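Here you go, one structure.
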Amino acid sequence: MEGKIELHGLSFQPGEAVEKPKGRASKAGLPPGTPVYIGQPKVEQLRCRAYLYNQTTFEERTPCPDECANLRQEGITLWLDVVGLHDVDAIHTVAEAFQLHPLTLEDILNTHQRPKAEEYEGYLYLVMRMLTFDPGSQRIESEQVSLIIGADFVLSFQEREGDVFEPVRDRLRAPQSRLRARSADFLAYSLIDAIVDHYFVVLEHVGDQIEKLEAQLMTQTDGALLQAIQSWRHALLEFSHAAWPLREAIGWLARDETPYIQEATRLYLRDVYDHLMYVIENLTTYREMLSNLVELYLSATSNRLNEVMKMLTIIATVFMPLSFIAGIYGMNFEYMPELGWRWGYPAVLVLMLIVAVGLLYYFRRRGWL
Amino acid sequence: MEGKIELHGLSFQPGEAVEKPKGRASKAGLPPGTPVYIGQPKVEQLRCRAYLYNQTTFEERTPCPDECANLRQEGITLWLDVVGLHDVDAIHTVAEAFQLHPLTLEDILNTHQRPKAEEYEGYLYLVMRMLTFDPGSQRIESEQVSLIIGADFVLSFQEREGDVFEPVRDRLRAPQSRLRARSADFLAYSLIDAIVDHYFVVLEHVGDQIEKLEAQLMTQTDGALLQAIQSWRHALLEFSHAAWPLREAIGWLARDETPYIQEATRLYLRDVYDHLMYVIENLTTYREMLSNLVELYLSATSNRLNEVMKMLTIIATVFMPLSFIAGIYGMNFEYMPELGWRWGYPAVLVLMLIVAVGLLYYFRRRGWL
Amino acid sequence: MEGKIELHGLSFQPGEAVEKPKGRASKAGLPPGTPVYIGQPKVEQLRCRAYLYNQTTFEERTPCPDECANLRQEGITLWLDVVGLHDVDAIHTVAEAFQLHPLTLEDILNTHQRPKAEEYEGYLYLVMRMLTFDPGSQRIESEQVSLIIGADFVLSFQEREGDVFEPVRDRLRAPQSRLRARSADFLAYSLIDAIVDHYFVVLEHVGDQIEKLEAQLMTQTDGALLQAIQSWRHALLEFSHAAWPLREAIGWLARDETPYIQEATRLYLRDVYDHLMYVIENLTTYREMLSNLVELYLSATSNRLNEVMKMLTIIATVFMPLSFIAGIYGMNFEYMPELGWRWGYPAVLVLMLIVAVGLLYYFRRRGWL
Amino acid sequence: MEGKIELHGLSFQPGEAVEKPKGRASKAGLPPGTPVYIGQPKVEQLRCRAYLYNQTTFEERTPCPDECANLRQEGITLWLDVVGLHDVDAIHTVAEAFQLHPLTLEDILNTHQRPKAEEYEGYLYLVMRMLTFDPGSQRIESEQVSLIIGADFVLSFQEREGDVFEPVRDRLRAPQSRLRARSADFLAYSLIDAIVDHYFVVLEHVGDQIEKLEAQLMTQTDGALLQAIQSWRHALLEFSHAAWPLREAIGWLARDETPYIQEATRLYLRDVYDHLMYVIENLTTYREMLSNLVELYLSATSNRLNEVMKMLTIIATVFMPLSFIAGIYGMNFEYMPELGWRWGYPAVLVLMLIVAVGLLYYFRRRGWL
Amino acid sequence: MEGKIELHGLSFQPGEAVEKPKGRASKAGLPPGTPVYIGQPKVEQLRCRAYLYNQTTFEERTPCPDECANLRQEGITLWLDVVGLHDVDAIHTVAEAFQLHPLTLEDILNTHQRPKAEEYEGYLYLVMRMLTFDPGSQRIESEQVSLIIGADFVLSFQEREGDVFEPVRDRLRAPQSRLRARSADFLAYSLIDAIVDHYFVVLEHVGDQIEKLEAQLMTQTDGALLQAIQSWRHALLEFSHAAWPLREAIGWLARDETPYIQEATRLYLRDVYDHLMYVIENLTTYREMLSNLVELYLSATSNRLNEVMKMLTIIATVFMPLSFIAGIYGMNFEYMPELGWRWGYPAVLVLMLIVAVGLLYYFRRRGWL
C-alpha cells in the first residue's frame, strides 16, 4: 500500500481514506474538542480570500486572519475561502470571528471526516470531499472541504491550493450573473454543485482506466494486472465513501426546514441529490465491471494453462509411441527377422509417419488443434 | 468497451449508461441551471408534432417552435411531441411557452438523468428511459424521454426519431377510443404504459440471447464467450438502472395526491407499477442465469483440462513401461541370455501387449476411459 | 433452455416465469385495459362450475357463461370456478356479470402476473400461482389462479383442468363441514390454504431431487450434473417469485381492514402467512444447498485432476530413471567395462528394482499412494 | 442426505428443518384447523406433569389428560408440562381444558413451525425450537416446544422426553426461590431463558467441531472433509432459522403491551433478546469461518496439485536431457569418434552429472526445491 | 483456533468473541439474574479508585468496596473506577451501594455482552468493548467495559488493569480543564470518546498488518499466509461486532431524551457517533482488502502452476523429438544407409540442433519464454 503500482502507463495509489486512520490515531487521548490539525501541512501558509458581493457591488480581498471579524457588512454577502489548515491559531481566529462551535472547529481541522451536514446555532456545517483526477500520477486526489453556511456569509475551508471553484468565482465576478442576485445559500449550493459536477469528471477518468485494463487483459495475464484491478476497486470504494454520505447530507438539506436554506434553493439541492444518485449508480456499475474483470482474468489464466497442457499432451502423445517403435527395433535380440529385411527400415519409418498423422488427425477431430 | 464484440452472430455493445459520464463531465463548472444539451446530436433538426383532441375533435399539426405558445385551447387536450434536443434555443422557446422551470429544462437536455418524477408549479415532470432492441446490431438502444404533464397538455421530449408511441397515436386518431374521452393524465399514462410494455419486448430478446449463449457454451469454451456473458451482465445492469427508479417514480404517482393525476388514472398507474415489478424480477432471474453461465463456463474449462490431462496420463502410463522394456533389451551387456533365445523377441512383444492391455483395463475400471 | 435436460432419471425444464415475457411482449402497444389472453390455450373450451351452498343446502351446476349473471341468490354463497382463459369473450361475459373492473379482467387474462392482492369496488382481487410437481416429467408446473372475493361469492379463474382444490370441494359437499357454516371469505381462505399447502408437496419433491443430485455427485462429475443443479436453482428462483409476493399479499389481507375478510378469517390467513414464511425459509435453505453442491462439484473435479496428475507423476518418476539406466547401458562406447561383466546384467536389473522400490516407498511416505 | 457422514470421529446429520417438508406435505388438502400430528411419534405415550405453586406451597402431580381441567386453583400458579404429541386425542383434551383456539392446537401438533409469538383470547402462544447437542452422534438435535402463557398458568408441549428445564424445576422446588414469588409470566420467562441459555452450549460445541475441522484441514484434503464443512453450514443455517424468528418474537413480547407479561418481566425478556442477538452474531461469525474453511480447503487442494506438478517437472526436466545424451551414444553410426575414445564413457557420465547438478541448482535458485 | 499462528513476525490469535460462548455456556440453567462472573480472573484482587471532583476541588481515593456507599457527596461528581470482576461479592457490595438492578449486575459480570445502552431507574447502563493492540503478540486485545451513568456519579467496571483512560484522568487532575467544569455525563462522554479514539489506533495497526501481508504475498504463496489472512478477517469481524452495536447505542444516547445526558453533551456524543461511522467504513474497506488479498493469493498460486507447467512443456517438447531422432538411429536394422555415411553423425547432431532451436524460437514467439 506504501508505494505506487506502475503498470504500463497505469499508476495508482489507493485512495486517501485507507491511510486516514494514521493521522487520526495520533489524536487519541486528547481532550475532546481540542482543535488539532490532523494531516500533512499541505500549504506553506494559511491564505484567506474574501469575496464581498451583492447584486450591484463586488469586491475581492485577501485579508489576514485577524481582519476576518470586520469583513461582514449589512446587505453584502460574504464568501470567505480559507486554504491551508495546519496553522491552527489562524484557523482559531477565523472561527472565533464567526462564533463557530468548538466541535465544528475540531471537525474542520480533522480531515478524516465522513461527509455530513449539521445545524449549529447560527450556521449550517457541511463537510464533503473534493475529488480530482491527477493526469500526471493517474490517480484520484481527495481533499476535505468544509462549508459554513450562515445567513449572509459562506466560509469554505480547504486543505491545499487548487480547487474546482474557479467557475463559481468567474460567475461572481460577472455583474449579470444570477449568483450575484441570490443570497448566501445559493452560493453554497453553487460550491456544492461544482464539487459534485467534478465527480463526473473523475468518474469519466475511472471509466477510461477500466477500459485500459480491459484492453490489457486481452494480451497479458500478469499478476500486476490483477493488482491494478484490485487497486481500482479500493479507489471506487473510497469514492463511494465520499458520495454515499454526501447524498444523505444533501438529501437532508433539500428536505428539512432549516432557516439557512431558502425554499427556492432547496429545489436546486434536490437536483444535486439526483446527480449524486446517478454517480452512485455508475460507481456500482464500475465496481461490477471490475469484479467481472477479475473473473475474466482468472479465466484467461486458466485458458492459458489449458493451452499449455494441450501442447504438452499432443507432443507427448505423438512422440511416445514413435519412440517406443524406435525402441523396439533398438533391441538386441538375435532373432528379430524384421532387422534383416531389406525394406525393414523404410517400412518402420512409414509406420511411424502413419501413427503420427493418425494421431494428429485424431486431435484435429477432437478440436484440439 | 469501445468497439462491439462480434461472436457467432451475437453482437453487443455495453449499455449507454456506462458511457454517459463522458458527456456529462463536459458540463462541470457551468452555472447551475444553464441549459446545455449533453449528448450527440441525434436528429438533424428539432421537430415538433402537436396532437389536439377532445372527445369530438382531433387535429395533427407540425408547428415550428415559435408557434407552440398558441397551441393551447380551452377544452382541447394537447400532446406536443418534441424530437431532437441539440437545438437548445428551440427547446428554450418551447419551454417558455409552457413556463417550465429552468431546472426542468436542464434535466430535459441533460440526457443522463436517473428516471424520476417531480412536481413543479403548474406541471408534473417525469423522466424515463425508452429501451428498444435493435435486431440489426443485436443490442439494446436506450433513449431518454421526458414527459411534462399539465392540466390539459402533455409534452414529450425525445432524443431522436423513432419511438414506441405509434399505437398511442393510432388510438388518438380513432374517434371511439377511450383515450380521446379522457383527459391529459390518461394520455400520459398511455405513453408510460407504451414504454413499459416495450420493456417486455426487450426482455424477451435478452432471454433469446441468453439461450443462444447457453447453447454455445455446450460446444465451445472460447474466452470471447465469457466476454459476451459479461457484456450482457452490464446490459442487464443498465436495464435495472432504467427500471428500478422508474418503479419508484410510478409508485409515487400512483400513490400520492397530485392534482395532475386523477383518481381513476391512478389505478392504471398501479398496474404499470406491477408490470415494472415483474420486469425487475425477470431481470434478477436473468442476471442469476448469467452468473450461472459463468460458473458453467469455468467448469467446462476445467473439465476440458481434466480430459486433456487424462489423455496425457493414459498415453504416458501405457508407453513409459513399454519403452522401458524395449530399453532393457537395447542394453549391450555381453551376458544377456534372453537375447540369444529363439522366442525371446516374440515373448517380449507379448509381454508388452499384456502390460498395455492390463493398464488399459485398469484405466477402464477406474472410469477414465 | 429449449429442450429438457435428461439426466439419470432426472428431467427438468426451467420454470415458466423465464419464458413468460414472450407471450407478454406480443401485447405491447395495445390500448391499456384491452383484455387479451396471453399464453397458450390450455383447455379446449372454457368450462364453468358453480357451487351454491349455505349451512343447509348445497348444489353443483355447470352453467354456460351467459347464465352466470343469474347464479347469485340471497343467503346463498356462490363459488364459480372458471377453467380455461383463451375464450376472451366468455370470460368477458362472466366479468360483466360480476361487474369486474377492466383492469381486473386484463390481469386475469394476462397470466404473467406477480402475485398480489388489490381491493376494487365491490370485491377483492387476489392473483397467485398454483404449483404442482409432475412426477412424469419430474418438473414443477406453474399455473396462474385468480380469486375474486365478493361479499357472498368467490370466483376462481384457472388456466387449465386439474387443480389442488378437490379436498375443498369434498368438504363443501359434506353437510357438517365448518366450511359450509362460514361465509365466502372462509371459502377463499380454504382455496388459498390448499394452494399454499401444495407448496409443501412441491418443496418435498424438490428436496428429493436435491438428494438425488447429491448422491450422483459422489460418483460422477459430468458437466450435465452441473447443468441440472443450475436448472434447479432457476426453478427455486421461480418458486421464490411465486412465494415472496404472495406472502406480502396474504400479510396485507391478514392485517388490513377490508370489508371482504372477516375478523375471524383474518386469524386463519395469519396462519397461511406463517406457512409461507416457512416455505420461503426452506427455499433459502435449498438454494444454499444447491450452491454448496456447485462447490462440491467443482472441488470433486479438482480432486479428480489431482488424482490424475499424481498417477502421471508417479509413473513418470518411476520409469524415467529406469529408462535412463537402460539408456546408459544401451550406449555403444567401446570401453564400457560393466558390459563385459558376467553379472552386469542381473546387477543392473537389481539396481533398477532398488530405484523403483525406493521411489515407491518415498511416494507412500508422502501420502501419495 | 439420507445417512450420516462419518469422518474421523466427526459425525453429522443435516438439521431437521431440511426434512421437515416431508411430514408437512402429507397434511396438504386437509381442512384447515384440523389437528393432525406431523412427525414421528417420539414417545410411547403422552405424559403430563403438573407443578402447582405459589410463594408458600408447592406440589408436583402427573395427571392423566382428563384431569387437566381440574388442576387450576385460585391463587395457585400452574405449570403443566406435556411430553409427546402423537396422541392427538389426549392433546385435544388438554387443549379443551384450557380453551385453546383450534389454530393454536394445529400449530402445537404441526412440529414444523417457524418460531413465533401470538396473542389469542385468554393466552399468549409462543412456539420455539429447543436445541441440544448429542455428544454420542455429535449432532444437533432439534425439538419444537410450544408455550401457552395464561394469567395464572403455563402450558408447555414437547415432542419427546428429555429437556433443558431441569434447573427451572429445581428452582421451583426450592422454597426460597424468586421464581416461586413471581407469577406465571416469570415462569414462562425462565423456561425461555433456559432454552436460549442452552443455545450457548450448542454454540460452544459447534465451535469445537469447527476447530476440529480446521485442524484436519492441515493434514488432509479429503473430499469428505468438504462435505462435512457443508453439512455444518446447513446445521448453522437451521440454527439461524431457530434463532432469528425467536429474536423477533421475544422482541415483540418485551416491547408490546400484552396483559400476560408484566412490566417487570419485560425487562428480563429484553435481556433474553440481547442474548439472542449475541447468539446470532456468533452464528454469523461461524458461518463466515466455515466459508473461509472452504477457501482454505480449495487452496490446499490447489497447493497440493502445485507440489505434485513441481515434482513431475523436476523429474522430467532432469531425466529427459540425460536420457537424450544416452540416446545419442546409443546411435549406431559407423563414424562416431567418441565411441572409440578410451575415456569417452566416463566423460559422458561426468557430463550427465554436471547437467543433473546444474539443473537441480537452477531449481533450487528458483525456489522449487 | 487454539494456538497462535506464527508467521514471519506476524502472530495472531482470533478475537475473543469466537471463544466467548465457552464461558457463557457454563452458566446455562442458573436462575436468571444470578450474578456469576463469566471469564478468567484477570486481576488478583478487585481494586477501586474513586475520583471526587468539582470545578474547585479534586480528590483521588482507593476505597475498599465497603466504603463505596459513603463516597457520594452533595455538589461533588464521583467517578468510581472498578478493576477486576472475579470477586463477585465485592462487586455485589458496590452494586448495592448504588442500587443497581440485578440484571445490570448480571450484565456487568457476564463479559460476553453485545455493546448496548439501557436506561434503568436512577441511571443509564452502557456496555462496550475496549480494544487495544498488543505490539508484543501483534494481536488485538478485547475487554468489556461497563459504564453506569447517574446524575452525579459515573461507575466504570473493567476486567483487568491497564486501560485507555489515563488521558482522561490527567485532565481531571488539571484544575483548569473543561472536564472539571462539567457534570457526570460529560465525564462519561470523555471515557466513551477515549475508547472510540483508541479504535483508530487499533485500526492503524490492522492497516499495517494488512500491508505486511500484501508485501509477503508478492514473494511467497505459503498456505500459512492464507491462514493469516483468514485470521485477520475474523479479527475484523470481531471488531465490527464491537463497533456496530456501539454505534446504535451511542446514536440512541445522542438522540433520545434521557435525563442523564444533557443537551450540550448530546452534541459531543453525535460527534462520537460520526467517528464510529468512520471506523465502520474503514473496517468495511479493510475486509474488502483482505478478500481481495485472498483473490490475489489464489491467482498467484495458479500463476505459479502455469509457470511450472510451461517449464515442463518446453522441456518435454524440446527433448522428446530429439530423443526420438536418437532412437531412430539406435535401431538395429541391417540396411540403414545413413549409418554408414561418413557425415551421418554430425548431420544428425546438426538436425537435432535445428529442431531444438526451431522449437525454442517457436516458444519465444508464443511468449512462453
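So that you can tell them apart, the chains are marked A, B, C, D and E in the order they are listed, and the count of residues begins at 1 in each.
Everything that follows uses one rule, which is that a residue touches a chain if its C-beta (ideal position, glycine included) is under 8 Å from a C-beta of that chain, and two chains touch if they have at least 3 such contacts.
For clarity, every value in this text was computed on a predicted model and none was experimentally measured.
Novice: By label order, what chains touch chain C and chain E together?
Specialist: Expected: D.
Novice: Walk from chain A over to chain C along touching chains and report the minimum step count.
Specialist: The distance in steps between these two chains is 2.
Novice: At the chain B/chain C interface, shared numbers over all numbers used: above half (same) or below half (different)?
Specialist: Chain B and chain C contact each other through largely non-matching residue numbers.
Novice: So how far apart, in whole Å, are chain A and chain D when each is placed at the average of its C-alpha atoms?
Specialist: Roughly 43 Å separates the two chain centres.
Novice: Could you work out how far the Cα centre of chain A sits from that of chain B, in whole Å?
Specialist: About 27 Å separates the centre of chain A from that of chain B.
Novice: Check each residue of chain C and list the ones that touch at least two other chains.
Specialist: In chain C, 302, 305, 309, 312, 316, 320, 323, 327, 330-332, 336 touch at least two other chains.
Novice: Take each protein chain as a node, join two nodes whenever their chains touch, and name the resulting shape: line, ring, star, complete or other.
Specialist: ring
Novice: Which order do the chains take around the ring when read from chain A towards chain E?
Specialist: Beginning with chain A, then chain E, the ring reads A, E, D, C, B.
Novice: State the interface residues of chain E toward chain D in the complex, per the touch definition above.
Specialist: Per the stated touch rule, the residues are 1-2, 17-22, 24-25, 27-33, 101, 103, 106-107, 112-114, 116, 118, 221, 223, 226-227, 230, 233-234, 237-238, 241, 245, 294, 297-298, 301-302, 304-305, 308-309, 311-312, 315-316, 319-320, 322-323, 326-327, 329-332, 336, 338-345, 348-349.
Novice: For chain E, which residues are in contact with chain A within the complex?
Specialist: 164, 166-167, 171, 177-179, 189-190, 193-194, 197-198, 200-201, 203-204, 207, 210-211, 214, 267-268, 270-271, 274, 277-278, 281-282, 284-285, 288-289, 292, 295-296, 298-300, 302-303, 305-306, 309-310, 312-313, 316-317, 320-321, 323-324, 327-328, 330-336, 368
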